[in-house]
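Take a look at these structures.
In the two complexes that follow, subunit A is the common piece, with subunit B as its partner first and subunit C second.
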Partner chain A sequence: MSSETLEIQLIAAVVAVACALPGVFLVLRRMAMMSDAISHAILVGIAAAAIFVTEDLTSPLLIVAAAATGVLTVSLVELLNQTRLIREDAAIGITFPALFSVGVILIARYAGDVHLDTDAVLLGELAFAPFNRFEVLEYDLGPRALWVMGVILCVNVVFIAFFYKELKLVTFDANLAATLGFSPALVHYGMMTLVSITAVGAFDAVGSILVVALMIAPPVTAYLLTNRLSRMIGLSGLIGVASAVAGYWFAHHQDASIAGSMGLMTGVFFALALLFAPNRGIVAIARRRASQRWEFAQTMLTIHLFSHEGLPEAEREAHVNHLSSHLHWEPDFAQQVVRNAERRGFIRNRSGRLNLTEQGREMAQLALVK
Partner chain B sequence: MMLLELGKDLILDYTLRTVALGSATLGVVSGALGCYAVLRKQSLLGDAISHAALPGVALAFLFTQSKAPLVLVCGAAIAGWVATLFVIGIVNNTRIKEDSALGLVLSVFFSVGLVLLTVIQKMPTAKQSGLDTFLFGQAAALLERDVVTMASLGGMTLMIMLFFWKEFKLLCFDSAFGASLGFPMAVLDVLLITLLVIAIVLGLQTVGVVLMSAMVVAPAAAARQWTDRLGGMVVLSAFFGAIAGVGGAVISSSAVRIPTGPTIVLSISAIVVFSIAFAPNRGLVWNWVRSQRERKKLQIEVVLNDLYTLASQHADLQHSHSTAVLLAMSANRGNVRHSLRELVSLGWVENVNTDEWALTSEGVIKARYIAERQE
Partner chain C sequence: MKNYSDTFAIEVEDLTVAYRDQPVLWDVDLNVPAGVLMAIVGPNGAGKTTLIKVILGLVRAAAGRVSIYGQSYSDQRRLVGYVPQRGSVDWDFPTSVLDVVMMGRYGALGWIRRPGSRERRSALEALDKVGMRDLAHRQISQLSGGQQQRVFLARALVQDAQIYFMDEPFQGVDATTERAIVALLQELRAEGKTLVVVHHDLQTVVDYFDSVTLLNVRRIASGPVNEVFTETNLRLTYGGRIAFLNRTEDQPAETQNIPHVIKPAKVENDATGIGERSNP
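Moving on to the complex of A and B:
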């Protein structure tokens, strides 16, 4: 592995974790689409800062401007929402395209003066990231993107670790948080600033759409796998890193866009979780339903036999062939149920004539009492 | 003079006419269908659909090797439709909430589209140029045949919308009632979403993936401020969409280096802001005026009531009192001096001495009425 491929993967992994951390709270607070809005709207901040303030596209001023735009977006959405004339989803859908439009027009007007490209903002190009080095006194300290995202990751980790209790409280019970004297608004805006900073740091490496993928998909996947916040954060980070690395190698083999492949991989991991998650996966749910169906059928069978036991009609009622007419079971299904019940020791099958065992009788009584 | 010139350009200039017509068509179709999305709280679905259309465009090209708008639009529509079904499926079958499902499907579909685009780019047979106009939109590159495609497909969706007017109305406002009447609400839901998908996909070439969501949401949100009737809202929304389309096309043609798509979006955003401020009944400005008026009325009543209460301590109900007493009595509740002037002009209070005020006989009746009402 050359140092370049290693560096790209490292950057991708750091970006993935940095995005997943605030993403967890966005998903839990039902504000996932805010990441979409912010990651698009910051274009105007980046463009304005690049055109009017500094020509240096690597200047930290750009991050400050973009973060401010992110907070501006959130405030505008809230402002529209508070008029009660426009619902929140519509407010988001109006605000960020408007801001994005201003950004696109700014860039188009001053295209000659800035090396800023709408394509690059939306799509990003991770493959070029290693060429932009961070040098201090002519010492090469590695790719600049790695440093930028590393710092942002640290900020995210520190913020979440420091305000973990507050975030948890505001996320799960905002009213209780307010009653106890924590300000949900403060935590909210803090979180949104974090999302903005992360989005702007990541845009140049992976593009704004992938920021959305990395912020939402890993936490949503983790959400299917666990009920604990701490585990969800850890899992999101892991899934993010896995998507990043798998995406890089997929892109490498298919000669495709790295950012796109990473997004694709977050989708693949989500699909895997959706299918095979231990409790909430589609397979687990289907198996649970199926086993419940057999369980219920066996209980029905024991109750049926129990209620006719020792009575004159028992000879007729307790025969396998009778089940389909009495319990409305398909003959095949009836055979299967009988076989299962016999294997589990609830009944004895004497060439079609069914008798309850002691265990089966207990089960029927138990079910009837319930 | 300038307007006349613009009008002449609109009719005679081929490019401007095509762009303006195309944008107007897009505005009408997405404006009309956007109403349903906004009313059903599905505003962000438009955003998801437009992003998710990208892999459809790429796949349509991969399979047919054709860049005909109709082929690409069909591919986009199928992908957008599948994405919507995914969103609905995820929301209905897992504990994942709608916003997360939207964001997830949007970004993953878009990523797949990106991967496909880069794959196409590297194929020796064809360049992907022309495909990425779907990403950012390129209204200036609209051709007459594109506009014809848009108009005929858009017209078709609008016809279907009108045909199922009553059913869609039920779906929006009381789906459960519709189901109890025996309408197949699930089928109607899918049909309405299909129409929305077509409307969105038609606009992608003009304004691009990111801005399309505004074309769905903004005209409807603006129209909602002016009317409480669905019919009025759909017509107004289509009208706003058309105005923004033509306005954006004209503005961007009259200045250098201003792309059309963003200009259209900014135009419709301006219409939204104007509507929020000035729409009668709901608008913020009228609301403010109304609340000011109410406030003034209340202040007047407070002063009148105070004067009445003070006078009831005397044998004569028209006993006069000084401003200072009234000021102390009102305890900052009312704008006493202003209210007194208003009361005098209404003829309910008269100025006895320079600084003494008394109820008139009409004022006594009025004050008694207000006091009774308050009990």
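Moving on to the complex of A and C:
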């Protein structure tokens, strides 16, 4: 592996983790689409700062401007939402394209000398990231993008580590947070600033569309796999890294866009979790339903036998052939239920005449009391 | 029962809340003495939840003043526990019962400090009190409605407050849980706590509570249950819609509009002194 390949993967992995961390809270607050809004709207901040303030595209001022634009976007969406004239999804849909368009126009109109084009903003170009070096006194310290995203990752980790309790409380129950004196608005806007900073750092490397993929897909995937917030955060990071690395090699073999392949991999990992997650996956749910169906049929059978037990009609009611007509069971299904119940010792089958065992009687009684 | 003598636990003066020009609460006065177990009852849209939320600083008032033991809520928040409506949070949130209960200690911890073994211990004790200790490590999405409510109560218990506000704690819970909650409320009152509970079921007011506030945008009446919870006051609060209480088929048609024309029933309030304002 050349150092360049390694560097690209390293950058991608750092971007993925940096995005996944705030993404967890966006997903839990049901604000996933806010990442879309922020990652696009920051363009206007970057463009304005690059054109009117500094021509240096590596200036930290750009990050400040972008973060401010991100927070502005969130406030605008909330203002619109508060008018109650339009709903939040529409408010997001109105706000960020408008801001983004202004950014596009600014770049087209004024950014002749500035190296900033809309393709790069949307798609990024990870393959070129290693060429942009971070040098201090002529010492090469590695790719600039790695440093920028490394710092942003640290900021995210520190913020979440310090305010973990507050983030959890505000996300779960904002009202309680407010009554306890933790301002939900403060925590919320702190988080949105983080999302904006992460988006502006990441868009340079991977483009704004992949920012959305990396912020939302790994947390949603992790959500299906665990039911603890701390584990969800950890898993999101891992899934992000896995998507980044898998995406890189996919792109390598298919000679495709790295960012595009990484985005694809986030979708693949999500699809796998959706199908095969241990408890919440579609397969697990289907199997649980099927076993519940058998379980329920068995209970039904014991209750049926129990309620006719010792009565004159028992001879007729407790016959295996009778089950299909009385309980509306297909003959095959009835046979299978009887076999299962017999195997588990709930009933005895004497040439079609069914009798409850003591165990079966207990089961019926238990089910009736519930 | 402790006696906090001259100050009320909760004082609400001339409180008006509106969404745009639509009044939700009109000029409400309410004084809650310490140590009572009070129900707030009234029809849907009467402003019961809003009243609690204003007192807790969650909703802004258009006018009026709220105080907790004579001071503003933000100075006294450590004295106040809150049980919101069960449906107000996302029960699919990835966390455990124990974690949710420990959130009640967050206020005492303040910013940044993390809960530790002390918080854990008090959360487990509270879960014990509501009969949920065995489920401490269960994921909250696996709880029944009654269990969710118990978790919220346990969370309020660890706040170790003097005053508790509860928003419909009996909503959608089974009979066992309802009895357990009532026992818990009465135990808290016996410890001298003040409890204000938004309640829906008029049939149980007399059994469960010692005080009641009847609310329908305006405060209709407030005081001890045996003095205030009268048919007349209920009519004033609910208009003609309380036929189920006395089983008579037809209510007089004019009671429909009475809450809008008749003043709050001052007579009952003055008899107890509860409705009177402290010095304006």
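As a working rule, the second predicted complex is superposed on the first by the 364 of 370 C-alpha atoms of A that agree within 3 Å, B and C clash if a C-alpha of one lies under 4 Å from a C-alpha of the other, contacts with A are read in each partner's own complex, and residues count from 1 in each chain.
Just so we're on the same page, a residue touches a chain if its C-beta (ideal position, glycine included) is under 8 Å from a C-beta of that chain, and two chains touch if they have at least 3 such contacts.
On a predicted model such as this, the values are computed, not experimentally measured, just so you know.
For the composite obtained by superposing both complexes on subunit A, the positions of subunit B and subunit C are free of clash and fit together. Contacts of A:232 after superposition on the shared chain: subunit C is touched, whereas subunit B is not.
Legend: residue contacts after superposition of the two complexes on their common chain; A:182 is shown touching subunit C, with no touch to subunit B. In the superposition on chain A, A:151 makes contact with neither subunit B nor subunit C. With chain A as the common frame, subunit A serves as the apex of an angle whose CA-centre rays point to subunit B and subunit C; its value is 70 degrees, to a multiple of 10.
Contact with subunit B, but none with subunit C, is seen for A:85 once the two complexes are overlaid on the shared chain. Once the two complexes are laid over each other on the shared chain, residue contacts for A:163 go to subunit C alone; subunit B is not touched. Once chain A of one complex is fitted onto chain A of the other, the partner contacts of A:314 are absent, as it touches neither subunit B nor subunit C. In the superposition on chain A, A:171 makes contact with subunit C only, while subunit B stays out of contact range. The gap separating subunit B from subunit C at its narrowest, counted between C-alpha atoms of the superposed chains, is 6 angstrom.
The residues of subunit A shared by its contacts with subunit B and with subunit C are 30, 223.
Residues 27, 30-33, 35-36, 40, 80, 83, 85-87, 89-90, 92-94, 97-98, 100-102, 104-105, 108-109, 111, 118-119, 122-123, 209-210, 212-213, 215-217, 219-220, 223-224, 251, 254-257, 259-264, 266-267, 270, 274, 280, 282 of subunit A are the ones that touch subunit B when the two sit in their complex. Taken together, the subunit A residues at the contact with subunit C in this complex read 28, 30, 162-166, 168-169, 171-173, 175-182, 223, 226-229, 231-232.
Those residues of subunit C that touch subunit A in the complex are listed here as 53, 56-58, 74, 77, 80, 82, 84, 88-90, 93-96, 99-100, 103, 106-107, 109, 111-115, 139, 141, 155. Within the complex formed with subunit A, the subunit B residues making contact are 38, 41-44, 46-47, 51, 90, 93-97, 99-104, 106-108, 110-115, 117-119, 122, 132, 135-136, 210-211, 213-214, 216-218, 220-221, 224-225, 257-259, 261-263, 265-266, 269, 272, 276, 282, 284.
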